[in-house]
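Let me give you the structure first, and then I'll get to my questions.
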Amino acid sequence: MSDEKKTPKEKIGVYVCHCGTNISAVVDVEGVRDWVQKNMAGDGVVIARDYKFMCSSLGQELIEKDIKELGLTRVVVAACSPHLHEKTFRTAAENAGLNPYLTELVSIREQISWVHTDKAVATAKAKSLVAGTVKRVVNNEALEKLKVPINANTLVVGGGIAGIQAALEIANGGFHVYLVEREPSLGGHMAQFDKTFPTLDCSACILTPRMVEAGTHPNITVLTWSEVTNVSGYIGNFSVTIKKKSRCVNEELCTGCGICIEKCPKKVIDDTFEAGLGYRKVIYTPFAQAVPNFPVLDQPNCTYFEKGTCKACEKFCPTNAIDFTQQDQILNVEVGNIILATGYDLFDASRMTNYGYGRLANVYSSLEFERMSNSSGPTNGHIVLRDGKTKPETVGIIHCVGSRDKNFNNHCSAICCMQSLKFAHLVKEHTGATVYEFYIDMRTPAKSYDEFYQRIIDEGTVFVRGKVAEISDIPRIPDEEGKLIIQVEDTLVGKQRRIPVDMVILSNGLEPRADAKQVGKLFGISCSSDGWYIERHPKLDPVTTMTEGILIAGCASGPKDIPASVSQGAAAAARVMDKILQKEVELEPVRATIDEDKCSGCRICNNMCPFSAILYIEDKGVTRVNPALCQGCGTCIAACPAGAISGTGFSDEQILAQIDGILMAV
Amino acid sequence: MNDYIYYPGCSMEGSGIAYHESLMVVKKVLGMQLHEIDDWNCCGATEYLGTSTIPAYSLIARNLALAAQQTVGNKTVMAPCSACYLNLVKADHNMAESKVLGGKVNEALAAGGLHYDPGSLTIRHLLDVFINDVGLDTIKSKVTHPLTGMRVAPYLGCMVPRPDYGHQFSDYEQPTELDDLLRALGADVIDYPLKTECCGGHMAQIGPETAYEMIRRLVSTAENRQADIMVTVCPMCQMNLDAYQPETNSFFGTNYQMPIVFFTQLMGLAFGADAKEVGFGRELVSAKKALARIGVAAPAPAASAPRSKKPQGLPMPASKFQKKAAAEMAIKEGSK
Amino acid sequence: MTVPEGMDRPKAGLRQRENLALLHEVSLATAGVSHVEMCIQCGTCGGSCPSAADMDHTPRKLFAMLRAGMEDEVLRSNTPWMCVSCYHCVVRCPQQIHIPDVMYMLKSKAIAAKLCQDSTAPDFSKTFIGMVETFGRSFEVGLAGWHYVTHYPLRLPAMAVMGFGLFTKSRMSILPKRIKGMDQLKAILDKAKTLEMSE
Amino acid sequence: MTEKFEPVIVGFTCNWCSYRAADAAGTARMKYAPNVRLIRLMCSGRLDPSFVIKAFATGADGVMISGCHPGDCHYISQNYKALRRYLLLRRTLAGFGIEPGRVKLVWASAAEGLKLTEEINAFVEEVRALGPLNWPKWDGAAEVFESELAPHIATEVPA
């Protein structure tokens, strides 16, 4: 029903966009324009226009002109999604002296012309959506953006190469960074690698300087053996709780001399850094170049904590730095932005029983091989069978283990082809063995990657195109006795082959961290269906997330090689510094406010707010909202039985009027 | 709980009669009630499926329809024959997955005044029932004559662990259920990685050379790993490995003498039944020697020596099953 | 986009392109959801197959031929007949293609098109089915007997020995068992056959 | 043959997930039933059950509410509150003699354009099956709402 009786209190201009033919092909733009002109005059529509590209400067000028000349008090633009151009048109209105929040955008492209085909139906829907917004905009209020200062400190979670890069960029920019790492040392997976493809320079040689720089940088507080346990606040003003786990080592006193490690009588298998292939002491630093180089005492395995005796480390420590009573520390830090560079987990190959990992001794995981070929690794760089001495004469390298497989991970792990080629080279270099590579598709897209592939072919590696079906230790013919037999279809020949080898190296895929979902929840960002963190835009905005102030870098958002991870670390840092340099952030003025006269102090709303923005004022017996903490979700508004809470930008009046509009007879 | 609708399948009355006899003994000991589907028909094995679709599925579905009529509270159909078991599950699964197939099959059944709603029955294999319903503890508790000293190669064949629509088994390739059950009987279970390799199936009839090679692989590996006897859960496997073993020998000029019997026969023995009663003597490759082992002290060297605890060479990663066990332990610890 | 009648397949791989017609036809006719359109030609099936050595094409290649629309070559192939239904390929296939079910389907197609090279396998199936359709149960003696007489006369002596063995151990009954509801079964199968044709 | 009933459906979408899912569906040109008209809220938690009643009273045959997946709420946990209200609302509606099936709560993340369109198509069919909502059609309904809201408007506190 239209409201001819009342004289409209606002002067509204409606602008319908063709978006070239994106909209006009399916929606009768002129039809919509005329209908609004005719039927919504009663609601205050004084002018309705259509234009080829409203977002063009000419289109914007059209609006500005009307505001000035016709004295429009409200503007409605029917074009694309508000997430695309709301800002554009609000700025245009602002330039013409109209408060930006009196302009509304109707999505008739994403919600109509791109998803419907029947022109009549589409046009009708367009009319009702416009009508809804016209009736809504009448109830819009002039609002001012809230400006809050940005805390110049940044939290970087994850001390791998991406996190280190991000931290260094920001620190060098002159701002403080808290770099939190859950393991005892910085370095991440890169520290475990031997060589890096395709240049084959030593991983440690290029990583160590960066780790040291981060470890000694005046602007970086490195917190290893630490985990973030709580995050609250919003962009510019996060407060973060960090648990610094007990090392049983007093960092003030410890010089990192390493005598305690030497004297510790107990060895355990190192499942983390040595990928289970080697041993470490119970008090240890994961590797020689560890940053920081304070050791960590592995309490569950420590004889003293088990039996109450030993204390060898304490006895021999020259600076009495060993402290068995040390407790976990809880630190609170205030930061303005947070970068998550939490990395990846390696696919657990024992899940593929047909490859026999964990059953057949000489089947190795990629990380085991990295450690084995590393001169500082458990075999001092000697590539040997599980017996610890025999050199392999034939080696099979298997691609796509747990990747590109609907039974495990659907995605391509991006790095395995190059990693496997690198393995082939290393095996040849160290042992001169015959090497077979089993691949489905060879993926070498980045700079000088395919040249590396050429080089490995030239080195005489045998390439077999086919996903390996099984690895067996059951011989069928004498030649297979005592060997591992790789059974595969050579798809380029079209025949099944059984290739006996001494050693198999699996190129394990990359998986999202097992705890990615919980961590995401902690920081208020979400994972895609396959478990990686979702970027704000996969192409145009790969390092930010839907949550302002939370950024992602490196493998946290999907498999990446070192160059890509480093670039993302730097990119995230640039984004953060951009925000810091703005000194303050503008927050959308979408907030809840409480009319204290109407508030009965029932406190129903009090436990509705997850940001504790709602405070009960005991003496007044009423509740108030802290606008800086309020995020504008509006849950309290809907909960208030007295209708005492109202929400700017999304008030009851606006929404109820919009319902009226979209249900108008068209 | 111990009541099952029972689909024996044709072999149980013929080549697999030992399976039938031993099952009858074992179920009595374990107090299971088997209600045979009235007037059941052949499941068509893999032959019917390979020549037609709707008729093949209708043939199978008749049994399901009859079984559904017979359900009194209990909705579980148990089949001891792997091929029968798989055909029944497959029909149930595919009829549900493809409405077109389901519709046509029911149209056909209607011609015989029958109907079957896919998903209304649960179809399970005998081994699954023993492990997951009866339970190893109960089985252990019934063992009066442990099979100590008998080196057994556990052989499941294909169709029980794969495709395993119901995810009843621990693994497609190396399931541990049969090993666990035989261990519960006190047998010395050897590491037999070919436990789910193919026995040759109908190739014995239509492409003997192919079948002989598969039979050779299985039997020779069992023998190389010093098994006294192979144990199976499938009449077709038993038939191929037992009845075609002599032919395989003459084809390759070998002389394997590897007896192969049904797991229920060993259960029967362990439960104290006498050999004849549980169908021993029906196998073509005699199991006499193997039976003689029982009671005799176990011979020392195992083909696959367990890995020594002391770090020697490089440490091994844990297998899927070791990890699972560890996880379960951790949970137990946690609950304490 | 035209979707064939009575289609209930996942959205994947449903683009109706001319040269994919055969692939889709096979996929549709296969019982259950075959996913065969999704093959990435990795060869896991061919690598896993215990009888691959005796196949003229590996399953993977057969699927490529389906894509290429090489109907005759596919139906003449002995590959489906060599399938032993071990299901290794199914559980390993990274695209979860129900390969044996596709093979079954191809066999029936080949029989219908009279394109099987060697009649041993089809005949064995026929004999088997003949028994089942007459008695409602399989009848090993009749089956084996007839099959060897017609296809492996030379193996008869060996078989006779085995048969005798089985017989003396009463693992073979001379007389077939016949089910009571033979008429019912026949009615069902006749109806089913007409429905099969109507596809 | 009589022309089939085209239900009118109002959809309340969360600004962070399902509204973006609708954008995604658009960008991917996924076609779906045109019966749904979306209203953007900041959060499914903002949904005041009275909006739904209002929609029905004004002529909607069905109302769809969509929010972030449990655990993924942009405002931490507000979608759970939406869920609670939704369940209560369904009972209330049943009390009014309205089929609870006319309201539907859907979880759709920003990435799930396809899921959203599938949910919409399904819901349109469900409501189509229920037929037109025979809510007492009385012209005054809107005015009553207006008058009940008048006090609000009068005492609205400007931000």
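For the reader, a short list of remarks on this structure follows.
Note that the chains are named A, B, C and D in the order they appear, and that numbering of residues resets to 1 at the start of each chain.
Here is the rule we go by: contacts are C-beta pairs under 8 Å (C-beta built on N, C-alpha and C of every residue); 3 or more make two chains touch, one makes a residue touch a chain.
No experiment lies behind these values; they were computed from the predicted model shown.
Between A-C and A-D, more C-beta contact pairs join the chains of A-D. Measuring from the averaged C-alpha position of chain B to that of chain D gives a distance of 54 Å.
Computed from the mean C-alpha positions, the centre of chain A lies at a distance of 49 Å from the centre of chain C.
We define each chain's centre as the mean of its Cα atoms; on that basis chain A and chain D are separated by 31 Å. Chain A has residues 354, 470 in contact with two or more other chains. Shared interface positions of chain D, i.e. residues touching 2 or more other chains, are not present. Within chain B, residues 172-173 each touch two or more of the remaining chains.
Chain contact topology: the protein chains form a pattern that is neither a line, a ring, a star nor a complete graph. The chain pairs satisfying the stated touch condition come to A-B, A-C, A-D, B-C. For chain D in complex with chain A, the residues that touch the partner chain are 8, 10, 16, 19-20, 22-23, 25-27, 29-32, 34, 37-43, 45-49, 51, 54-55, 58-60, 68-69, 71-72, 74-78, 81-82, 85, 109-111, 117, 139, 142, 145, 149, 152-153, 155-159. Chain contact summary for the complex, chain A toward chain B: residues 267, 269, 276-279, 348, 350-351, 353-354, 357-359, 361, 365, 368, 372, 378-379, 384-389, 470, 472-474, 476.
Residues of chain A that touch chain D in their complex: 1, 81-84, 107, 109-112, 114-118, 121-122, 125, 128-129, 132, 141, 143, 517, 521, 524, 526, 528-529, 534, 546-547, 589-591, 593, 595, 597-598, 608, 610-611, 631-635, 637-639, 643, 646-653, 655-656, 658-660, 662-663. The part of chain B that touches chain A in the complex is made up of residues 171-174, 193-194, 217, 221, 311-320, 322-323.
Of all the residues in chain A, the ones that touch chain C in their complex are 354, 400, 404-407, 440, 465-470, 487-491, 494-496.
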